[in-house]
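Structures given as structure tokens follow.
Here chain A shows up in two complexes: once beside chain B, once beside chain C.
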Partner chain A sequence: MSAKSVSRSRGSSLMAYLFLAPTLAGIGIFTLIPIVGSLVLAFFRWDIISNPEFVGFQNFTEAAADPTVLVSFGNTILFVVIAVVLQLGLALLLAVLVQERLPNWLRVFFRSAFFFPLILSAASVSIFMGYLFNEQFGVVNWFLGLVGIPAVPWLTTPTGASTVIILVYVWQNFGFSFLLFLGALAGIPKEVYEAASIDGATGWRKHRNVTIPLISPTTLVASVMAIISALQMFDQPYVLTRGGPGDATRTVVMVIYETAFKRLEFGKASAIGLILMLLIMAVTALQFRLSKRYVFYQ
Partner chain B sequence: MGDSTRRGDVTRRALLGAIGLGAVGATVAAWPRLTGSDIPGRGEDRLTIAIIGTQADAEARANLVKEFERQNPGIKVRIMAIQSVDWQDFFSKILTMVAAGTPPDIVNVATEGAQLFAERLAHPIDEYVTRDKEDMREYFADVHPSLVEAFMYRGHLYQLPIDWNAANMYYNTSAWNAARLPDPAENWTQVDFRAALASMKQAASGDFVPYYWTNRLFGGVVPWLYANNTSFLKEEKAPGGEWLWDEFYGDSPARSLLSGGYLWQQPNADAPEVYESFDFLRGLVVDGLGVRPEGGGGNTLVGQFASGRVGTTPAGGYWVQGLHEAGMKPTDYDVQFFPRWATGEGSELQRHQFGTAGYAIMKTAKDKEAAWQWLKFSASLEGMKLIFSNPNTTPSRRSMVNEELFGVKGPKHWKRFYDTLDRFPATGPIPAPPQQGSVETALIKNVSLAVSGSEAQMKSALQSLQRDLELALRSNA
Partner chain C sequence: MTTQTITATAKRRRPFDWGMALRILVLVLVGALILGPVLWTFSTSLRPPAEGLTLPPSFIPLNPDFGSYAEVFRQLNMGLLVLNSALVTGLIAVGQMLSAALAGYAFAFLKFKGKSALFSLVLATMMIPVQVTIVPVFMLIRGMGLSDTLLALILPAIPTAFGTFLMRQYFLGLPTELAEAATVDGASPLRIFWSIYAPLAMPGLAIVGILAFNFHWNEFFRPLILTISEQNFTLPLGLVTLQGNMGTGSISVVLAGVVLSMIPALVVFLFGQRTLREGLTAGAGK
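Our next item is the complex of A and B:
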């Protein structure tokens, strides 16, 4: 390699680093440093006001023995399972309907309409939904009353509150998965469907044997992102129910917030945060491991 | 590529370089904005004051600051209005500022956080009150000692109450009259109250709710516990405080009750009176006379009450302006003292609940003398008249709870707001130990379950409340 090309190569590398610098600085300052800080803090007792005190693994053992923490993990896992299944199922169903049954101009409309809730603030949506699902004055119970169904205590019973939180979460988040699926469906060559038709595949069988395998890489991405997002559910239960009634809708992130800012146990909150991070990493790793068996790359 | 192209066109590298230079130039030009150094007062030697609130009442605050700065030429003030869902949320944001190393000099603190601040963050004002006792005499003569006692912690005073609110009972006169009910007596009991709710329900139609309440420390289950002369925490009083009481409240009829401040160190959810009060509320819910309370609810309450869909609800003087803005005339509703308990000690006391707020000087404040001047001015009649131009709270000064503030917009019996203190000396503050955050979480979590199901569920929820409170009182702060 000539001296000139080496110099040009170095110049290009420098330019590349300069372009990457703002993003790397952002990740470093706002992601990496807080992660490292949280990792360190998990081994200390710290109430913000006094000096931190090293306590070893005590925060982890206390978190593991705290019934509220355990319940919150149970709630979160239940919410994730139901919400992610609903979110992906609804998104895929609507994507197939929009892609196959609608003209192009309507497809554009629905693409925007389904994505719209995602750009709204989750807190605002939750406040609004709180009005809709109010037992006494909510529109939902008013409509149910029209068909003779008595008022449902949506937000004040464990089952009702969990149902509303999952519905609100899915309504607000399925649009992203929908867009991913729509893109994947548009990328399937028509010839594949034609070949399947010639082989006698129709309706559901065509989707089972052609659509689902061909969009499986997208399904993997959508499910990984949906699970990571749902494991961090906070706004909906915090605004709608404050985790109640009892602990019925208390999620892990809510407990992290309460432990840190209400109980001033920042070390324990960091420990719970790290446990959640490990859970997210484990679930994601499992998904990628399973993907070798179920994901089909063309 | 031809020579002409090389000469005439800008190369990609040159273009990128120009963009880079442009970005650097723009960053330099915008530096004051990016760093916030163009925000008035930042970086200067100003007294920083954190308050809960929005820009809604900015004009009154600006007038207060302007007058304070005019009277104290050497002191510049910067108000930081911190938008928060509730007091707990506000305190969390203040704690974040403390952790970031940028604490304000003064914080507006309500009863909910008074002991947290007193224990960890605030500087006592005993020396200033004692030094300026002649200036302060007029203030204390105008303010009920129970409000001051709420800011006394282990014998030291940390704040001067500026405003407060009692949990009184608002009732909708149209619903009340439709049920042909006479005006409730001032010494009515919970039995009378329940009978009135049943009558209103019978006379009403549609989605009418006789009693609407929210699940929180103020106005939730606590007034019903106080009415029964109990609480979910064991209430004790610390010794001390004579330096203040003897100086300013020596002649007060309440003098013998005044102490070095409240202490809440033990849970009390297993007391029979607590069970009794919870069971009363559960009965209201079961019989459709009261709502199941939502956690943090109450957003729609003013509108629902103004539209006549709510019969009664606990609230204080702060509600008058909201109801006025919602279109209610003073004759559309009235206010009565909270009912007393029909039996036991609560029957004689008719104890009520209140919450108050005032400014606290932070331990870290650079110029505590300037901070004290702010506290003194805010508590002066002049300062309070500047800030309380509307009845959206109850001023701590008795003389300001008057015809001018409440007579036009307020209900017929607006005098009951301050009478709640003057006529019932046992009236007490929101129970809020230094661990208030976790205590409130424990209460809200278990109240909703306790009043929404069977008696067995209530017993289980109260046991859970007792356990959670034990843990909460052992936690930090």
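Our next item is the complex of A and C:
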């Protein structure tokens, strides 16, 4: 490659390291050291005030026996499953509807509209959604009242609160999967559909037999990204419910936050954080294994 | 028989497209569910503070009242919150653009030992969420004596694995001949980078900058943990505090704050939507 000659004539490795210094030093200090720090801290008891004390696996066993921690993992996994299925399903349906047969100006309009929530802050969205779902004066219950449905206690019952958290999360995030699917659909050559319709495939069958296999690489990437991001859910439950009622909407990241910064159990918080990181890595690994069997690469 | 033929031709000429109607109905319905809450937020912020809760809800501000906007400035130090958010977001964006351009350029064009290993390392850190490392980051910040400062928010956010990856891709798409010619003329690598390639890479840099701006302007988790005193709060943190203090008080005042906080994001959306879309989906690239 000709790029080599550039460096051969002039640049020693030193110059390259200078270019890399800000990024590598930054990643080293603020990502790599913290990862190692987490690993070490997870085996210590430390409240910042007194000296750290080595406790072996006690933080992990304590976390595993703590009902709040267990509930938070259960909640998070439930939220992730429902939110990701909703998010991907809605995104794919809308992408197909927007991509096919729509006049261009409508396509641009809907693409902007569905993408719009992505640019807002999750905290702000949760603030106004909290008002919309308020039991007495919320607009949602007002609309439900119009069709004769009595006021739903959205944020004060476990099921209601979980539903709102998931809906608000999906409302804000489905646009991302939508964009990915839209890109994938635009990449399918027209001839493929023409060939399919010559073979007699129409409507739903066309999508099942042509679209879904052809966009499967995107589906995989979209689901990995959606799962990883939903596993870190924090802003919505923090602003909408503070994890309540009871522990009904407490997520893993909320428990990490409370364990570390409310109860000053930094070791235990690190241990929970490590478990979450392992979960994220396991999900990614599993999905890529599955992809070898089910994803169709053109 | 004649009538039959007529209706048949009429039908053939203008068949009502049920599929299309259903398609548009679904899209309009979802569109309304997406834009409705935002419209309601805007419209309610234009109600007088005392009427925020009044039903029926308002979606179109017929008698705009700016009392809630005046009130949110009285209840929150909006000027300082905006200044903090702008400082934090702006410095992170500029810092990310600079550091990612330099590192991306090195990974694309320069030759050095350990290149592929270092690049893999950078890519590997892209997967690690800040939520997982926040406890050690907090301690690090404390150890550096940066607790409860804006620098605590800025410094850790500058190194960007994603931006480095993006800029490397961008530089790889640029011709190498320019560098060769400049090298023959005796230009140093830094000079070649700064006067030839950095200007050419502006569109890529814009993606890094806009993504950083949008993400950190909206960020809530890190400011919640890394700042303590109100003078260091960013806008989202200030708004959540206001909402918490007021409980179910005057919602139009809180919503006025929410609307104000959306303005920069809205500007980016209006003028940089394409760049933003490209950037967001770049990470999932093929």
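Throughout what follows, the second predicted complex is superposed on the first by the 272 of 298 C-alpha atoms of A that agree within 3 Å, B and C clash if a C-alpha of one lies under 4 Å from a C-alpha of the other, contacts with A are read in each partner's own complex, and residues count from 1 in each chain.
Keep in mind that, in the parts below, contacts are C-beta pairs under 8 Å (C-beta built on N, C-alpha and C of every residue); 3 or more make two chains touch, one makes a residue touch a chain.
The shown structure was predicted, so the numbers you read here are calculated from the model rather than taken from an experiment.
Peer 1: Using the touch definition from the top, say if A:153 reaches chain B (first), chain C (second), both or neither.
Peer 2: first
Peer 1: Classify the contacts of A:49 with the two partner chains as first (chain B alone), second (chain C alone), both, or neither.
Peer 2: first
Peer 1: With the two complexes superposed on chain A, say which partner A:262 touches: chain B (first), chain C (second), both, or neither.
Peer 2: In the superposition, A:262 contacts chain B only.
Peer 1: With the two complexes superposed on chain A, say which partner A:75 touches: chain B (first), chain C (second), both, or neither.
Peer 2: neither
Peer 1: Which partner reaches more residues of chain A, chain B or chain C?
Peer 2: The partner making contact with more of chain A's residues is C.
Peer 1: Have a look at where A:99 lands relative to chain B and chain C in the superposition and call it first, second, both or neither.
Peer 2: neither
Peer 1: If we overlay the two complexes on their shared chain A, which of chain B and chain C does A:162 touch? Say first, second, both or neither.
Peer 2: Neither chain B nor chain C is touched by A:162.
Peer 1: Have a look at where A:219 lands relative to chain B and chain C in the superposition and call it first, second, both or neither.
Peer 2: A:219 sits against neither chain B nor chain C.
Peer 1: Is A:29 touching the first partner chain B, the second partner chain C, both, or neither of them?
Peer 2: A:29: touches chain C, not chain B.
Peer 1: Taking the superposition as given, does A:246 touch the first partner, chain B, the second, chain C, both, or neither?
Peer 2: In the superposed model, A:246 contacts chain B only, not chain C.
Peer 1: Shared contact residues on chain A, chain B side and chain C side combined as an intersection?
Peer 2: Touching chain B and chain C on chain A: residues 15, 48, 127, 130-131, 134, 137, 142, 239, 261.
Peer 1: Once bound in the complex, which stretches of chain B touch chain A?
Peer 2: Per the stated touch rule, the residues are 16, 20, 88, 92, 95-96, 98-99, 120-121, 207, 209, 212, 215, 291-297, 299-300, 304, 309, 435, 437-438, 440-441, 444-446, 448-449, 452, 461, 464, 472, 475-477.
Peer 1: Enumerate the contact residues on chain A facing chain C in the complex.
Peer 2: Touching chain C: residues 1-11, 13, 15-17, 19-20, 22-27, 29-35, 37-38, 41, 48, 90, 93-94, 97-98, 100-102, 106, 109-110, 112-124, 127-132, 134, 137, 139, 142, 171, 176, 179-180, 183, 217-218, 221-222, 225, 228, 232, 234-235, 238-239, 253, 256-257, 260-261, 266, 269-270, 273-274, 276-277, 280-281, 284 of chain A.
Peer 1: Within their complex, state which residues of chain A touch chain B.
Peer 2: 15, 18, 47-49, 127, 130-131, 134-137, 142, 153, 155-157, 239, 241-247, 250, 258, 261-265
Peer 1: Going by the contact rule at the top, pick out the chain C residues touching chain A in the complex.
Peer 2: It is residues 20, 23-24, 26-27, 30-31, 33-35, 37-38, 40-41, 44, 53, 55-57, 98-100, 102-103, 105-113, 115, 118, 121-122, 125, 127-129, 131-140, 142, 155-156, 158-161, 164, 176-177, 179-180, 183, 188-190, 192-193, 214, 217-221, 224-225, 236-237, 239-240, 243, 248, 251, 254-255, 258, 261-262, 265-266, 268-269, 273, 276-277, 280-281, 283-284, 286 of chain C that touch chain A.
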